[in-house]
Amino acid sequence: MAGTLDGYPQHVREQVARTRELVARLHAELPRWGLVVWTAGNVSQRVVVDAAGPSGRDLLVIKPSGVTYDELTPESMVVCDLDGVLVDGGRAPSSDTAAHAYVYRNMPEVGGVVHTHSTYATAWAARAEPVPCVLTMMADEFGGDIPIGPFALIGDDSIGRGIVETLRGSRSPAVLMRNHGPFTIGPDAKAAVKAAVMVEEVARTVHVSRQLGEPLRIEQDHVDSLYARYQNVYGQGEGAPAQEKEHA
Amino acid sequence: MAGTLDGYPQHVREQVARTRELVARLHAELPRWGLVVWTAGNVSQRVVVDAAGPSGRDLLVIKPSGVTYDELTPESMVVCDLDGVLVDGGRAPSSDTAAHAYVYRNMPEVGGVVHTHSTYATAWAARAEPVPCVLTMMADEFGGDIPIGPFALIGDDSIGRGIVETLRGSRSPAVLMRNHGPFTIGPDAKAAVKAAVMVEEVARTVHVSRQLGEPLRIEQDHVDSLYARYQNVYGQGEGAPAQEKEHA
Amino acid sequence: MAGTLDGYPQHVREQVARTRELVARLHAELPRWGLVVWTAGNVSQRVVVDAAGPSGRDLLVIKPSGVTYDELTPESMVVCDLDGVLVDGGRAPSSDTAAHAYVYRNMPEVGGVVHTHSTYATAWAARAEPVPCVLTMMADEFGGDIPIGPFALIGDDSIGRGIVETLRGSRSPAVLMRNHGPFTIGPDAKAAVKAAVMVEEVARTVHVSRQLGEPLRIEQDHVDSLYARYQNVYGQGEGAPAQEKEHA
Amino acid sequence: MAGTLDGYPQHVREQVARTRELVARLHAELPRWGLVVWTAGNVSQRVVVDAAGPSGRDLLVIKPSGVTYDELTPESMVVCDLDGVLVDGGRAPSSDTAAHAYVYRNMPEVGGVVHTHSTYATAWAARAEPVPCVLTMMADEFGGDIPIGPFALIGDDSIGRGIVETLRGSRSPAVLMRNHGPFTIGPDAKAAVKAAVMVEEVARTVHVSRQLGEPLRIEQDHVDSLYARYQNVYGQGEGAPAQEKEHA
């Protein structure tokens, strides 16, 4: 399938090459933090084709289907358009590509998407129960509870629609799709991976806390002020590139 | 014991050599995914002796008894016939060989068998409680609940019989033998290892979900359509070798 | 920002260099023992500027904000005064620096501070429930229950004040800040890291024990004698440097 | 302290050297299987001084106090007599040496002792509740429930006495000392390490099973036959060195 990027300008082809490297490297974070087993889980990032044009013309880079985490190389990553159609790559894209593509088509501010079946997040999803905001790091990162998305079958736009409907207008970069698992979004793939790591971390900690009693909710105005501070205090000054947020 | 493969045709001896390498390598997946401690757990794969003949004449390659995971080499793997009798190898075969052999004798479609005592799967087995199908990845991989097999003592065909009686006609490639642990099957050893990884993963996730309430069952027709899609959608097209299934 | 240590005597600059190395190395213990994910968690150590002077003039070495655990080098560590103001280093100090600095200003005996969001300790903190002393290793290390600190917002001295008010006069080197996570102290950073490892260990073990019933309290006089022995028996004799305490 | 082995025959000095290597290597199994944090946990092995003489004259090799798992070398291991008095080595022996020594003095058949604070075993110990025999691998390895030992303070022979009183005449190679943690024994240190790994494994699995209901007991005659088979079937035939037992 080599050559299908031929019609794209040079700067896009270069951007695709850099994104392939980044996405391959970020996949390694999923097993590192215990979020996936076997070949499960996928990370994608948007490639902007024409900053002035409609984002629907953009591309996305994602893991191919069924490749193990030992085999992930920049070359094995695949490129699709935002309808999920393969544009460049030697293998079929992940079977979750349609959901990623739907998110990129409908949320132009999203630059990265991650999907895992991480244990604790998926456990809340199987009960369709949002994770209550009882930790300062949840207030920082998620700005409140972590919401549940609808049950949706794979095969059409149902999953993507469920993600977008739940996250549009929400502070949370994570949605727990019912009976399925978490999807996370961010301005780029790294931010979405961080959200995937954090959603499992808080899902686990709140689960453990709830096992022996009822964790104490943080008052809403404290949640609001923690979230506002966390979103605003970083990356200021000096015209330097935005500093990564942290809360510990 | 060298030389006991002498009576077998060259192509079988070559197949045994390749299978020894594969089975040695696949054993490393068991500690990697946290399914075993110490020397526990075993993987085997069938070697077809005569594709036209009865499968009872086939061989199997399995881990020897009591060898640690650091010592596993292709050479240390042992070869047995389908009565569990040692054919080639310098050590006694795993004490679970009789169960593996029984499955191969009675399920000609099975090419790989795995046994572990992985924590969460074994915990369900100790309560003799099937794992309910509340995750889309369970519907994909297991097609429904993960069933319980009977209590059986080691030493005769009881364990093998329990596995075959439970899995014959079932969608599930995994059985949780009561008070004992999971056995998984597949068309080859890699598929059976994947099933062993997945059965622990879903046993853990559903366990965690149940700790704080009742996970929501997926409706049967959704289970059926997820299973049908997952089993059929992969490996199609282009005459390429069947693509590995994935569900994330 | 190079040169801001210029006004300090040579022995302080050398001490800062050694402390940077130590603090960088000790940060690696946090992911090693599973206490942190992503860039969370921080370790600091005090640098004594003038042993005869007020400890308020001392410095502290801490992790910069938002740096991953793979990037931690002695050079990337930053130096602050005890008001939390950056003295030397190319990045902003951790957002928790104010809390560390408050502890050093108000507890002159403290030479190291650690903060994590380790799962089990944070789970007790979310319920605002002290960990009861039901293990001999808790009596050894903590001398009783592990206490809860108040809810406090980041941004002023509230967190530092909560730590100091809870730990001053307490045997415990660890406080679980409500809805937030553990802070630990020690005569140096290594001791504070050890306390961070141990608080998670006992928080987990007591959690697990409580899941199936009520663990048995150790009688107070036994707690007292275990604590007294553990604090006094080590580091004696031969004029050798104090031997590290252990309890197993 | 060099030279204190001078009075011992050459074959003993050689045996000590080999035992130091073995004991150093076996300590690495404790963090590998997640049984210890920081410097906790210890492994010892008996050195027979005169096979015809009283075992009270034997020596033991054990980890020194407070050494991290990264620093463990054969040279750092220390040698004590069976009163726990240091015979050879540059550091103080583990503070648990008295307990190990008491076991060797009073159970001549014991050649190895291990102590950890592994999470799940210690959790049962904190409730003083034996682990019920609900897994075939428990029947194999422990021959029944895993018993609880008394509460005992460190500093005299109380711990050693509690271990010996509980394990003498028991099938179980493991005792859960109340509020403290597991001690395991074996014919040599490797067998005691294996028992330490297995006691945590079964303590965890039975804990998990009990979280969602009551695991099913294995009938006593089945326990007896599994135990008898497991203890007798291995290491037979061919005059070869006893094959390591396994049950999976």
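Letters A, B, C and D mark the chains as written, and numbering starts fresh at 1 in each.
Basically, a residue touches a chain if its C-beta (ideal position, glycine included) is under 8 Å from a C-beta of that chain, and two chains touch if they have at least 3 such contacts.
Quick caveat, the model's predicted, so the values are computed rather than measured.
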**Fill in**
The chains touching both subunit A and subunit B are none
**Asked** Stepping chain to touching chain, what's the minimum from subunit A to subunit D?
**Response** 2
**Item:** Superposing rotation of subunit A relative to subunit C, computed on C-alpha atoms, to nearest 5°
**Value:** 90
**Asked** Taking shared residue numbers divided by all residue numbers at the interface, is the value for subunit C and subunit D over half (same) or under half (different)?
**Response** different
**Request:** Return the chain whose centre of C-alpha atoms lies at maximal distance from the corresponding centre of subunit A.
**Result:** D
**Asked** With chain centres defined as C-alpha means, what is the inter-centre distance between subunit B and subunit D in Å?
**Response** 33
**Prompt:** How far is the middle of subunit B from the middle of subunit C, if each middle is the mean of its Cα atoms, in Å?
**Reply:** 47
**Complete:** Touching at least 2 other chains, the residues of subunit C are 211
**Request:** Note which residues of subunit A are touching subunit B in the complex, please.
**Result:** 36-42, 65-66, 91-92, 94-96, 115-117, 119-120, 122-124, 126-129, 151, 153-155, 178-181, 207, 210-211
**Item:** subunit B-facing residues of subunit D, complex
**Value:** 33, 134-137, 194, 197-198, 201, 204-206, 208-209, 211-216, 218, 222, 225-226, 229, 233-234, 243-248
